[in-house]
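In the two assemblies presented below, chain A is common to both, partnered first by chain B and then by chain C.
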Partner chain A sequence: MSNAEKFDAVFMDALQITKEQLPGLTYQSIPAWDSVGHMSLVAALEDAFDIMLDTDDIIDLSSYEKGKELLKKYAVEL
Partner chain B sequence: MLKGKNAIITGAGSGIGLATLHLFAENGCNCWAIVHRNDDGFKREIHRIESGCGVWVKPILIDLGHSDSINEGMKAVLKEKVPIDILVNAAGIVSPSRLFSMTKMEDVRKVMDVNFFGALELTQFVLRPMMRKKKGSIINIASVSAWGEDASQIEYAASKAALIVATKKLAKELGGTGIRVNAVAPGFIRTKMLKSLLDEDTAEKIQKELGLHRFGNPEEIAEVCLFLASEKSSYMTGETIKVDGGGINVRFPIPK
Partner chain C sequence: MGLQPYGVCPRFPHKPPEMFDFLAYSPKIAIISDTGAHYTYGQLQAAVDVLKPFFRKGELAFCLCTNTPACIMGYLALLESGVATVLVDARKNRDLLQGLLDIYHPNWVWGPIGAGFGEIFRQMEDYALYAYSSQQHRIHPDVALLLTTSGSTGSPKLVKLTAGNIRSNAEAIAQYLGIDASEKPVTTLPMYYSFGLSIINSHLLKGATILLTDKTIAQREFWDFMQEHKATSISGVPYTYEMLKRLHFFRMSLPHLKTMTQAGGKMPADLAREYIDFAAANGQRFFIMYGQTEATARMSYLPWEYARDKYASIGVAIPGGRFSLRDDHDREILAPDTEGELVFEGPGVCMGYAEGPEDLSRGDENHGILHTGDIARFDTDGFFYITGRMKRFVKIWGNRCNLDTVEQLVHTVTSHCACVGTDDKITVFVTENGLSGSIISLLAEKTGLNARAFEIRIVDAIPRNPSGKIQYADLQALL
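Presenting the complex of A and B:
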């Protein structure tokens, strides 16, 4: 599985959504991505890519696209 | 009671933290002992605990007054990828007992940094692994001084009051995640900290006024921590348990 596929799979699994829902998806735009869902998503991303997000980045993780951008900081190429 | 569990205990070098480290280890719990100094005496203590209890104890050097130090120490802990089941925020400092009007703001900030912000920052680190497991117990060591009924130690009392409010708020926030957050509010406990604040005569006078006519021992606080860390308290969260030997109306003397 490529990193991009893994990234999508984490979002879909953590937020219980389909691949079609991913583009343009933003924080709090669906019920599952509330603050509790956000922390589960963060935990799942950290597990999947073996990284530890800084608190500032957890706050910055405001959309599916932003997530991709943030992971670059942790040397994860998508 | 905690066989196979892993706990982080701050202030593990002495007093309530050290007593909690001993009791948790005796109950089968592996521990990261957060200390600001890892001297030979503490190393020997750890060796005794490990060989006597069949658990591991890892000293982690963290200065809770500094974010960078917390960051570095906790990242090292999290890198181990060992589940964290329990956090006991037992570290605490006091500044010399004096009237507020004679207390430096620098001292006030230092106490708040270690007792409150340090505990919160550490908590933030353990939340994610606990959330992943959907389970965890966080125990904050507060103090009866949080009720603010005596005149001295404003910064200490305020830091502990803040910790109690944070305990309640966090318990609410984390209610759905399986993580419980509780606090223990000790009264007068025989620790180096208490000794540094009271002369012998005052200590004697205060003990006579206490319901049980004596100061408590750190081990008696550790027992309550053990209860809160274990499944025996599975329906408790957001609670602060006073353990003060019936210290109703007993006050710290006004500083001379």
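Presenting the complex of A and C:
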């Protein structure tokens, strides 16, 4: 599985959504992405890519696209 | 001097105390909103005075809550007018809200503009006063506020609170936390939730400045806001503190933060210990507290000077309150380290419940005594410890969830089901395969809780005793 596929799979699994829902998805735009969902998403991203997100990145993870951008900082090529 | 019976004052006729004395703090900033707007206590009073003429005592209102200045202005005007007011989540599922409106027929709805609840009589910022129903109500004159018992399930069961309940609880909280006009709490909890409301009330009472936001700790806007305005305190349910830890809270630089408070469920003792140690090392205070909506909000707190020794304890009763333990025969337990039902007495104990409009006319049924449904013990120093629960409910991220109500919801999918739970997790046992998706989405929708709260497990059969009663203990043992 490519990193991009893995990234999508983490979002889909953590928030229980389909691939079609990913583009443009933002925090609190669906019930599953509330603060509880956010923390599961962070934990799942950290596990999947074996990284530890900084505070700044956890609170900046406000959309699907923003998440892709943030992972670059951790040398994860998507 | 002889003791007077509670609530009787021989020299003066009955007059409820004024809730808040805003004019005493007139030029002080009462609220800073996350849009950057500032409101003085004088401005708050002026807004209240604009809205008050619309209201008559004996009416019923719904206040659709958000953590915004306009919402608080409406809430204060309703409270000061003596209108019985139901606080609900403005973002509640519309069907659930409509269900409550259909049961109670409030005269007024104070809610966001655009919500469309009827003719608008007055607007204030992003809120509108809707004339909803002309229903004539019979409401006991002491009923001031009605709070939901579980923020989420849409149950019509409401806790009836008096102005005296609210005032006394806010005063007790302000006393043990030492709240004064220099405090700047940042909101992390919704105001329809008794814990969230208690923070607003106890700080408005003392002329503090509330940093008002609906943003969550998962958002940059929250942190920018609380740092810009130098928040001095933060509050949360156990899950809030788990999230804060994941956010590397222990590495953040928050020099103005002095106080952290926790209620809304039992915090894992090791996590509590971590926060207490952190606070002690940083010149802060961390308060473990315990309460229920039925007692307005707060019943106990762990005094900071005892936090390190007694971190697994809920502490002692708040000023003006008293705890006792009762055995199976309702006799008071006097020996330490003996379990019994925790009973609270104090001026914050609610009048009783309303499950429909006819219950609004009933007066005080509790007489200042609340059977909490929690099992507890006290140690030789008089500190109380929760050890179990008598009733079928769990706390999910601070929201009380009745397992029987959840089970009833699952019944619409399958009749072979049983729900058990621990804090932050409800497990639904079913006997059929392939139902997980539909049950979880139904429960998430109807309760408003994140789907992660629910887990489905398949068993061959739901265990029952010979009389057909579900054996929940057997299922609990499988967790």
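Just so it is clear, the second predicted complex is superposed on the first by the 78 of 78 C-alpha atoms of A that agree within 3 Å, B and C clash if a C-alpha of one lies under 4 Å from a C-alpha of the other, contacts with A are read in each partner's own complex, and residues count from 1 in each chain.
Note that a residue touches a chain if its C-beta (ideal position, glycine included) is under 8 Å from a C-beta of that chain, and two chains touch if they have at least 3 such contacts.
From a predicted model like this one, the values you see are computed outputs, not experimental measurements.
Student: Contact-wise, after the overlay, does A:Asp34 reach chain B, chain C, both or neither (first, second, both, neither)?
Tutor: After superposing on A, A:Asp34 lies in contact with chain C but is clear of chain B.
Student: Residues of chain A touched by chain B versus by chain C: which partner has the larger set?
Tutor: C
Student: If you stack the two complexes on chain A, which partner ends up touching A:Thr26: first (chain B), second (chain C), both, or neither?
Tutor: A:Thr26 sits against neither chain B nor chain C.
Student: Which partner does A:Gln16 contact after superposing on A: first (chain B), second (chain C), both, neither?
Tutor: second
Student: Answer with first, second, both or neither: which of chain B and chain C does A:Asp47 touch in the superposed model?
Tutor: After superposition on chain A, A:Asp47 lies in contact with chain B alone.
Student: Should A:Asp60 be classified as contacting the first partner (chain B), the second (chain C), both, or neither?
Tutor: A:Asp60: touches chain C, not chain B.
Student: Of all the chain A residues, which ones make contact with chain B and with chain C?
Tutor: 36, 39-40, 42-43, 55
Student: Mind pulling up the chain C residues that touch chain A in the complex?
Tutor: That would be residues 216-220, 222-223, 239, 242-243, 246-248, 251-252, 397, 444-445, 448, 450-453 of chain C.
Student: Mind pulling up the chain B residues that touch chain A in the complex?
Tutor: Those in contact with chain A are residues 75, 78-79, 124, 127-129, 131-132, 176-177.
Student: Can you list the residues on chain A that touch chain C in the complex?
Tutor: Touching chain C from chain A are residues 16, 27, 31-32, 34-40, 42-43, 54-56, 58-60, 62.
Student: For the complex, which residues does chain A have touching chain B?
Tutor: Residue list for chain A touching chain B: 36, 39-40, 42-43, 46-47, 52, 55.
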